[in-house]
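Listed next: structures, encoded as structure tokens.
Shared between the two complexes below is chain A, which has chain B as its partner in the first and chain C in the second.
Moving on to the complex of A and B:
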């Protein structure tokens, strides 16, 4: 692992940086309870569609303050959501501020927040229509949006490797049967398959059940095409001479498939894995967008964006509502760069 | 000496073509046997028959392969014999080593009956030393080695379990002459130290003479001559063997034109009805085109030619 990182740093700076951005994103998703300044479902009714708060070191008299502060803001026009800065009122930012009690990492309760103000509000990325802090919701939403990719990819790649590997190696009737099965899955337009699969299950599920359901639906859609590609690669790799040599060494079929053939598909599959993680994030967004995914008040990047769709007023007046979109974009592009770099680095011929 | 391997009346092929026909030979313990012949004579197929790694559509049709008094043709789980009791090395080491794993990793994988990882690793270092590779090769990938080193690594993989029999499928063809000599000497040493039996397939009859005790000459899927290496080299009986030896460059003086054998090995799909060599043979008589010559035995030599007696293959 260390060696791979070292090589990544040396050979492909961009993917090295992407790697750390991804780590950073995942860590902040994991530690959302600790970092976020508010609970994710806390609504500030007086601050709907509030723009991002600026954090100041200098006040309006050009005086420097060591402790950063924010100015208090006030809703002046509720119809147009116009805000005004109250220049007289400085609210310094403190660490470990007291707030509402909530559970941290599902382990213990605390009423302290990492940062915040005693009066006034800090909305780093602004608020949504209901006055909920977007920064907080992005942190919590990342838990769903980022993990859905990893879990979904692991399920569908497990299925893809298993079915593609067996089908390609044994060929004949097994191959024929499995590939027809794959074709059945591929035949459905994936989006409608997704919708119909979702429709089979009841609507009133707990958010965790919905989460599991989405992961399973997305990976059930994803594995078929993958199995097909892996089968093709296995078909060509099994004719390679080193596979004959492995058979001549008396290795078992299972070992040959999973130790010798599958690793040789990695140059393709690693890129495919990192490229398909964004697919899951987007798939979840698409389901949430249609109201079939994660339900409010639970945030996911997808359902946060869904508010903006078809609402031009929000888009033009409150562009900060699109921040989850930026994070989706960031994650996807980082995964793509990382995949690219990993493919180069993991191929021993490139060392 | 004890027989390690005995092929009895082996026929290999499918409905359309017969690749090997009536193959009979035996290998004793510590014996090196060479199989020589042109391309497409069935030399490599003989080896692949012995470890049952034949292409999909080709099967052993008839006959018995006795390996330590065990009939290989009837065994279902060849995995317990391959690698452990019969090792094999191939022609082009670079394509027979998995490019994704280090040499050490691959040799370790070949080791059977050894659970402890530490002992495994020690064993690998020992075998690397034995085949004349430096220790750091353990951590290298196949593409980082030269052809000769790759071949040594292949040999290490093949002999790491102390097999009874080593099959070598033209192990030196892809190497240059000096490297090849190193490999040949290594094989000779291993034969002496491990009391290994080797079946050595090659194009090069003088190399075969150098390394082996017995030589088998194959042509179009038949064994056409068999004898000790000196006998074959010095007094070839079959016209084909004679011609093969006449083609050796060392038999010629400078600037002399080297002879070749006119014509080609007949395609297995339409073999002549008689002796398969009849269309290229200088001593052809009428019977050659009509009947297939049977095996004629002189003491411990075998030859398949009507010149030495009228025995017809049934």
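Moving on to the complex of A and C:
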């Protein structure tokens, strides 16, 4: 792991940086309770579609303050969502301010927030139509959007290995049958297949059920392509002499497949995992965006954007509502950079 | 050649059967069948339901039911929409036209742009402009189509120089044919451009890598050694060989275009198959959903067949095998 990182740093700076951005995103998702300035479902009714708050060091008299502060804002025209800065009222930002009690990491209760103001509000990325802090919701939404990628990929890879491994190793009729099955799955446009599978289940489920459902749907779509690639690799590896040796030793077939053949596909698999995670993140976002995935009040990057679909007024008045989309984009581009970097680094030809 | 096409056609038959079977299975696992919803509808008489039950063979075992259903599918009887009360095939016919227009428009544009760009990128590999293009390609690959669509809509709502939503303007009814065509094209431009922009990245990269690989092969060196001008080497010797793998991936490319089109249609308000299937899901209109899924799959099969034939035309090795 360390060697890989070192090599990545030397050969491909961009993917090395991407690696740390990804780590940062996952960590902040994990520590969302600690970082966020408000609870994720807290609605500030007086601040709907409030633009991002600017953090100042200099006030309007050009006086420097060591402690950063924000100006209080006021909704002056509710119909147009026009806000006005109250220049007289400076609200310094403090660490560990008091707020509503909430559970942290499912372990203990606390009423302290990492940062915040005593008066006024800090909305780093603005608020949504219900006046909820977008920064907070992005942190919490990251939990769902980012974890679905990892879990979905693991299930798909498990299925891909199982079916690809069996297909490649046994060959013949089994191979023929399984590969036809794979082809059928690949012949459906994935977006259509995703929606059709979603249609099979009732629309209103509990959020945990929906989470599971999304994972299952996305893995059902994703396994086919992988199984095909792994089959190809198994086909070539099984002709190697050490497999013959393992056979001669009388090892069981499954042991040979899972202990001797599949580990040899790992350098490829790590790259493929990294490059296929974006597909799952996109799938979840698309489903939630269309209102078929994670439901309010729970945030996910997809459902935070769903207000913007077909709602020109919100979109043109409050472009900061698109911030979750930017985070989806950032995550995906980082995974793509990292995956390509890993492909370079893990390929023995490049050592 | 004819024999080859015939062979490919035959190979697609089991695929088609498998697809219909999976679509059928999906309807079967869904809770409640076609008729529980019809029965709740007071407009439909019990006799009609009985008739339809016979038509779909619902009193028979599942496998027999499948063949009944298949028979209906092949006579384009895809069931009736619960929400619109018209045959599903009628709805699909209207929407399919729009989706096809959108897909073909953006496929055409994507290929027209990314093939020359890929050649250019391969030639300029390692130089600043090449690196810059690769970086742009990364952005193109990574940007979610829905996010790009929203950005587009945001800018259009600010500037308003392109129409948004639907396929026609208000004056459409009494416009001349040419004006009608132009109007349709104008509406097509927004979803079409979004789809094109998200598609160029991956195609550019594939083309660039293919071209680079070909440029390193011995016969290109020979061509250089013969003293051929550079453009002739690129366009006459390298391009022909670099484009073969691209045609193979055309079928898969079509899959992602159709999927991408679905989402972009919904966000930009283009009335195509993607919106139809979403409407179907939201109103639990199962037969509508399944029919759309099936049609999507058939479109891909046709696309793959098309790319196979194209490949056979371009590459004699495949034709003669």
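Quick note on the criterion: the second predicted complex is superposed on the first by the 312 of 351 C-alpha atoms of A that agree within 3 Å, B and C clash if a C-alpha of one lies under 4 Å from a C-alpha of the other, contacts with A are read in each partner's own complex, and residues count from 1 in each chain.
Keep this in mind: a contact is a pair of C-beta atoms (placed from the backbone, for glycine too) under 8 Å apart; a residue touches a chain by one contact, two chains touch by 3 or more.
The structure displayed is predicted, hence computed values, not measured ones.
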{"item": "Partner chain in contact with A:322 - chain B first, chain C second, else both or neither", "value": "second"}
{"item": "Chain A: partner with more touched residues, chain B or chain C", "value": "C"}
{"item": "Contacts of A:184 with chain B and chain C, given as first, second, both or neither", "value": "second"}
{"item": "Chain B versus chain C as contact partner of A:260, first or second or both or neither", "value": "first"}
{"item": "Which superposed partner A:309 touches (first chain B, second chain C, both, neither)", "value": "second"}
{"item": "First (chain B), second (chain C), both or neither touched by A:104", "value": "neither"}
{"item": "Which superposed partner A:244 touches (first chain B, second chain C, both, neither)", "value": "first"}
{"item": "Chain B/chain C common contact set on chain A", "value": "none"}
{"item": "Chain A-facing residues of chain B, complex", "value": "51, 53, 78-84, 88, 90, 92, 95-101, 109-110, 112, 141, 143, 154, 157"}
{"item": "List of chain C residues in touch with chain A within their complex", "value": "14-15, 18-19, 22-23, 26, 29-31, 138-139, 141-144, 146-147, 150-151, 153-154, 157-158, 164, 252, 255-256, 258-260, 262-263, 266-267, 269, 273-274, 277-278, 280-282, 284, 286, 289-290, 292-293, 296-297, 299-301, 304"}
{"item": "Residues of chain A touching chain C in the complex", "value": "180-181, 183-193, 195-203, 278, 282, 285-286, 289-292, 305, 308-310, 312, 315-316, 319, 322, 325-326, 328-329, 332-333, 336-337"}
{"item": "List of chain A residues in touch with chain B within their complex", "value": "240-242, 244-252, 259-260, 263-264, 266, 348-349, 351"}
